[in-house]
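Each of the two complexes below includes subunit A, the first together with subunit B, the second together with subunit C.
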Partner chain A sequence: MIGERIKRREDPRLLTGKGQYMADLVIHGMLHAALLRSPHAHARIKRIDPSGALKVPGAVAVFTGADLKQHLEPLASWYNFAGKQAPTQPHDYPLAVSKVRYMGEPVAVVVASDRYVAEDAMEQIEVEYEPLPVVVDAEEAMKENAPLLFEEAGSNIYWQGSFQYGAVEQAFAEADLVVKDKLYFHRFSSTPMEGYAILANYQSVDHSITIWGNFQSPAIFRLRIAHSLGIPMNRVRLITPPDIGGGFGLKMPLHPWAILVAFVSMKVMRPVKWVEDRLEHQAASHHGSEQTSYVEFAAKKDGTILGLRAKIIHNAGAYVHMPEPLGMVEWSHIPQGCYRFRNVAMECYSVLTNKCPVAPNRGYGRMQHQFLIERMMDRVAQELKMDPVDLRLKNFIRPEEFPYESTNGALYDSGQYAACVHKAQETLDWERWKKEQAKAREQGRYIGLGLVSIMDPGVTNMAMVGLFDKSLKMSTTGEAASLTIDPSGTITVLTGSWGQGHETTCAQVVAYEFGIPFEDVYVVPGIDTATHPVAGSSGTYASRFAAMASGALQGAAAELKEKMIRIAAHLWRTDAEKLEFSEGKVREKGGAGKFMPLAQLAALATYSPAKLPPGVKPGMESTFIYNYPKANEMDDSGRANFAATYANVVHAVALEVNPHTGQYEILKYVVVHDAGTLINPLIADGQVHGAVAHSLGAAMLEEFIYNDEGQLLNGSWVDYLCPKATDIPDIEVEHIVTPSPFTAYGVKGMGEGSGPVPALLAQALEDALSPLKQFRITWSRHTPEKVLSMLREARAG
Partner chain B sequence: MTRHIITVTVNGTLYTREMDARKLLSDFIREDLGLTGTHLGCEHGQCGTCTILFNGVSMKSCLLLATQADGAKIMTVEGLAKDGVLHPLQESFWEHHGLQCGFCTPGMLMNALYFLTVNPRPTDLEIRRGIAGNLCRCTGYVNIVKAIKAAAEKMAQNKGA
Partner chain C sequence: MKPAPFDYYAPSTLEEVLALLGQHGDEAKLLAGGQSLMPLINMRLARPAVLVDINRLPGLDYIREDDGMIAIGALTRHASVASSNVLKKSCPMLPHAAQFVGDLQVRNRGTFGGSIAHADPASEFCAVVYTLGGEIVARHAGGSRVIPVEEFFEAPLTTALTPREIATEVRVARIKGAAWSFRGIAPRFGDFVLAGVGIALDFDGEGRCGACRVGMFGVGPTPLRAYKAEQSCVGNRLDEKLIVELAELAATEADPSSDVHASAGYRRELLRWLVGWNLRNASRKHQEEMK
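And now, the complex of A and B:
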């Protein structure tokens, strides 16, 4: 059952139009909200007169930032967990108060009988702005005379920190070669097809509120939503509906809009719904992180990498919403990637600018880091005139070195990196492409090959938040599940189920544990904090679900099987050690003697508790909260096992550049993936395809482009280019399976291992154009325009 | 706001409804008829999640006003399966894991259905071009292309039989 390519049980409803997404939810009497947004990137709100909105027939109420400031606590930050306040937090409300700090920031909310009317009313709100100087570049924002987003804070640097692991000075002193570069990683987002959406229903009779939203992590932020609203946490119920139209991390943060819609429902005492439209999403939901890095790599002449030093500047946008500024340190899972070097120094800055706030986006923080590492590996190879693949092979952590504790405390579970490289070369047919390349060059054509190798850590250990404040002592990684066996012998599973095939994979695990048919396991779609068990870190983010939920399901199953064995032993007056659970029943070991099916045992525990042995509780239900056993707290030197699993991925490509247009065609694309045991390879392949498509989109097409006034220039899907079917090549996926010794079934997290695609294309483009000139590509988005400018530069000599 | 009364056939059922002149066809289908399988991903004609068949032709319903559908025959994703039996395209998307979050799926299916009437035996490249007006953010299109190809073969066989 585990490891089978089972078709997803979610699909029939999705294929027939019966999915239940946020926009499909209706409650009797609900109102619809629309948000008025700032056209300015930075301005003082001199006057706001919302009264015109209420003159529109059908409009019910309108609120501004002043109303929120009067009634709500500002948005929480990580610092609240340590009883502190973040530097800019006093100003952070879901609507702008006195100042707007990015284009698209909401300044007022209107509720009306329907969305059309709400937007009519919104247009009647008068706002007078006094534009202020704008800063969009993070390095500019760090300068002394830069315009300040939060004057009282005295600086645009939200957070800064330095970490040193190993003997960095010594490594650089011993190096034969030090290569340096400034790298830029651009701003984009995976822009899910469905935007963010919220439906809130406040009940004044018991001061409780139910909030439906396409939340990826309701458990983590429930406390913080309750905090802002001033409602006790046990009266805040969060529900994620059965279906989410893509999240990719962007629906993970503490979204101000959830609190806003909840506030409005409290005020108007009616259910209120808001569905983010595409233009709102592009301009002002959240973007992926933009990063500038100054990097140095120290190496020996033979190619041995000794260490890295980096100054990293993270453009956080105008506000820092949890889990930010985690994106700045998210690389700390894997400072050295797949390589053996042990000396790492990082100087990090999270900087506020007049751009949209950032949030997790598939490959959160790691993608930027993987770009940095893989680009610098290529730079070292270029300097040493070594083959870039050989350089990687030389520096890999070896299979016999696992479990491998890296210099910052990350405990790599397992891996066979060189085997993955060899498989990728074989699948791509590397040697044949080398010959094609040589032939092409004789004809004046430009074929380039690329191969990169990255670590794809799964499951964030929240210990990581200690990196930006040492008093934050956390160690939560886990997931929760509850299993109930009913008297008919079918099993109900409650655990967060957020799409990505969770209903299918969880049912596979449970069917496997009990040896019962897949169809006998029902996984309740979605999640509801009133009914579902949760762990401190529950959610779907950081490639965590497969590895953590399977731990919780295995734990709950083990408790129930042990209970059933105890009951049977009592009834048969025998020793529990002589019995086993197999194929849906308790039986005498070996299977030749007595047996009792689980339906009978569940019925007995439900209806006839007097028959149970002493100390065994009635019912056949178990709730298990699993925490990854190797998840520790961060120590005083900034060391912890910041992830739970350490999958790895190799990408290889052959592409051809058109020297006349700068366009390039991907001739072949191969991924070799090792995520340990795969619960369902069909779903795993799909995750790899999707991750590659995101990163290819980012590397070839997508970027949020702002001008100096902080105006987003491509805020629609006409001009922000998502990849179409004609942009993405066929992607060949191969797996190597190196199980984790530490997780249930050896499963590792997966689905975000496409981080190095911008580096991969850079390497292949450099290779393609190498007959003309040895380029050093330091940027992450490779448009035809950019390639064309390289060709012109080469021709100009 | 001017009100209009229209009569429209959707998935074989005749509806007469009154609505504001400005109501989008996509909103009409979702809100007035309760057929929420037609999704809204951009409302400016770029993503294709709202694709329907309009008098037999693939169209993006967010770019039409409901009043333009007066007298039209419309088919939405809800009309694809017959008597609980999935259409070969639906079967094939299921078999080949041609969907993940499912949000683009209804529009993708409707456009593929139309495309296969125009080109019943397409190559992979023709399929990619045929669905280039429908965005998917989950699958990288790899399995969607496989699913449409396999469905085309199945549908051609069924026709021949």
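And now, the complex of A and C:
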């Protein structure tokens, strides 16, 4: 059952238009909200007169930042967990108060009988702005005379920190070669089909509120939403509907909009719904993070990498919404990539600018670090005139070194990196393409090959927050599940289910545990904090669910199986040790003797508690909260196991450049992935396909482009170009299975192994053009126009 | 993203349409396939007070040969253009170009007349009609007129149609017998092009160029013709030297601008390459036909 390519149980409903998304949700008496947004990237709000909105027939109420400031607590930050305030922005509310800091920031909310009326009414709100100087570049924002987003803070640097692992100075002193570069990783996002959406329903009778939203992690932020609203946490109920139209991390953050819509519902005493539209999502939801890095790599002449020193500057946008600034320290999952060098120094800056705030986005923070490492590996290879693949093979952590504690305590569980490279080369038919390349060069054509190798870690150990404030002592990685066996013998599973095939994979795990048919297990779609168990870090983010939920399901199943054995032993007046659970029943070991099916045991525990042995509770239900056994707290030197599983992935490509237009065609694309035991390889393949499509989109097409005034120039899908089916090549996926020694079944998280594409294409393009010139590509989005300018530069000599 | 309020009419005769246009003038907008108009009004970038839905008008969905030209009814869907046997025989550049227009859903809804009247400077259909030559039949309450395509496109999204007129038919010159080629470069398949070129040319028995039309799109405020290049072509053999010269010449006749997708310079470079590519392609096709 585990390891079978079972078709996703969710797909029939999604493919026949029966999905249940936020937009499908209707409650009697529901009103609709629309948000008035700032056209300016940075301006003082001199005057705001919302009265005109209420004159539009059907408009019910209008609120501004001043109302929020009067009634709500500001948005929470990680620092609140340590009883502290965030460094620069103590006054962040879901609507701008006195100042707007990015284009699209909401300044007022209107509620009305429907969305059309709400938008008509919104236009009647008068706002007078005094435009202020704008800063969109993070390095500019760090300068002393830069315009300040939060004047009271005196600086745009939200947070800075330096970390040193190993003997970095010594490594650089002993190096034969030090290569340096300034790299830029651009701003894009994975653009889910569905934007944020919230429906809030306040009940004054008991001062409770139910908030439906497409939350990726209601468990983490329920406390913070309750805090802002001033409602006790046990009266705040968060529900994620059965289907989400894509999250990719962007729906993971603390939802300012959930708090806003909830506030409005409290004020108007009616259910209120708000669905973010495409333009709102593109301009003002959250973006993936943008990073400038100054990097140095130290190496020996033989290609041994000694160390890495980097100053990284993270353009956080205008506000820092939890889980930010975590993106700044996500490198801690994979400080040294797949390699053995242990001397790592990171100097990190999270900087506020007049751009949209950033959030997790598939490959959160790690894409940037992988780009940095893989680009610098290529740089070293160029300098030493080594084959870039050979350089990687030379520096890989060896299979026999696992479990491998990396320099900052990240405990890489298992892996066979070189085997993945060999498999990728074989699948791509590397040698044949080398010959094709040579032939093409004789004809004046440019074929390039590329191969990069990265980590695809799963699960965030919240110990990571200690990196930006040592007083934050956390160690949760957990996930929760509850199993109920009913008297008919079918099993109901409550755990987080947010798409990505969780209904299918969880059912596979439970069916495997009890040896019962897949169809007998029902995983309740969606999640409801009133009914579902949660752990401190429950949610779907950081590729965590498969590895953590399996632990919770396995734990709950073990408890139930033990209970059933105890009951049977009692009934049969025999020793529990002589019994086993197998194929849906308790039986005498070996299977030749007595047996009792699980339906009968569950019925007995439900209806006949008097038959139970002493100390065994009635019912057949178990809730299990699993925490990864190797999840520790961060120590004083900044070391912890910051993730839990450490999958790895190799991408290889052959492409051809059109020398006249700079366009390039992907001739062949291969991914070799090792995520340990795969619960369902079909779903794993889909995760790889999606990750590659997202990352190819980023590397080839997608970028949020701002001008100097902070205006987003491509805010619609006419101008912000996501890849379409015609833009994605066939992707050949191969799996190597190196189970984790620490997780249930050896499962590792996966699905974010998309990081390498910008580096991969850079390497392949440099290779393609190498007969003309040895280029150093330091950017992450490779447009045909840039490629053509490289060709022009090469031809000009 | 909801439109501002508007009045909606769905007349079933052309007379009613013309009466509504007469009454509301520039307050009114015609709704045909809606593939450009609906996003504009949903984003409130356009705020027509009156929307006149012409999808119920009978008799405007046709493609036929008429008086040496191809007549295309304004409500003919892109999908019909793409699959029309009449066009494949007499004006193959149009169905060829149709495959690059949007995606299948867009082609099933979008109308030929709508595309021409919308006058996007990067529109494939505007480019083909402009390249091959043609005319637009416009009706108004008082009668009708025929506008030559050279006078039709005035600026981006601006045509010679008055607010009280409706384009009912587009007539395109046949190119049977002429060698032709059409290719644009877009960021993704089906997007508006960064630069595009359509070419139709005749060869005499000696292999010299006769009549020549070089159309360019996405590189100016309207579709353009590379007249200087066309003139330099006539009477000459299309050798590699001439092709390079023509491409250079055409590039000087374009007027591209910069935006988030590409700089003006890049568009011009693409254009230069596309003119050469299309000339070679047309010449190759001609030689194949001769065999």
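Rule of thumb we're sticking to: the second predicted complex is superposed on the first by the 796 of 797 C-alpha atoms of A that agree within 3 Å, B and C clash if a C-alpha of one lies under 4 Å from a C-alpha of the other, contacts with A are read in each partner's own complex, and residues count from 1 in each chain.
By our rule, contacts are C-beta pairs under 8 Å (C-beta built on N, C-alpha and C of every residue); 3 or more make two chains touch, one makes a residue touch a chain.
Just so it is clear, the structure is predicted and the values come from calculations on it, not from any experiment.
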{"item": "Touched partner set for A:278, first subunit B, second subunit C, both or neither", "value": "both"}
{"item": "Subunit B versus subunit C as contact partner of A:18, first or second or both or neither", "value": "first"}
{"item": "Touched partner set for A:488, first subunit B, second subunit C, both or neither", "value": "neither"}
{"item": "Partner chain(s) touched by A:7 [first = subunit B, second = subunit C, both, neither]", "value": "first"}
{"item": "Partner chain(s) touched by A:661 [first = subunit B, second = subunit C, both, neither]", "value": "second"}
{"item": "Partner chain(s) touched by A:192 [first = subunit B, second = subunit C, both, neither]", "value": "first"}
{"item": "Touching partner for A:204 - first (subunit B), second (subunit C), both, neither", "value": "neither"}
{"item": "Touching partner for A:116 - first (subunit B), second (subunit C), both, neither", "value": "both"}
{"item": "Most subunit A residues touched (candidates subunit B, subunit C)", "value": "B"}
{"item": "Contacts of A:443 with subunit B and subunit C, given as first, second, both or neither", "value": "neither"}
{"item": "Contacts on subunit A seen with subunit B and repeated with subunit C across the two complexes", "value": "116, 277-279, 716, 718, 724, 726"}
{"item": "Of subunit A, residues touching subunit B in the complex", "value": "7-8, 10-19, 21, 23-24, 116, 190-194, 243-246, 248, 277-279, 499-501, 682-683, 685-686, 689-690, 692-694, 696, 716-718, 722, 724-726, 728, 730-731"}
{"item": "Subunit A-facing residues of subunit C, complex", "value": "1-5, 39, 43-44, 103, 185, 187-191, 259-263, 266, 269-270, 273, 277"}
{"item": "Sites on subunit B touched by subunit A in the complex", "value": "20, 22-23, 30, 35-44, 46-47, 49, 76-78, 80-81, 86, 90, 93-95, 97, 99-106, 109, 124, 127-129, 131-145"}
{"item": "Residues of subunit A that touch subunit C when the two form their complex", "value": "115-116, 119-120, 123, 277-280, 660-661, 663, 701, 705, 713-714, 716, 718-719, 721, 723-724, 726-727, 785, 788"}
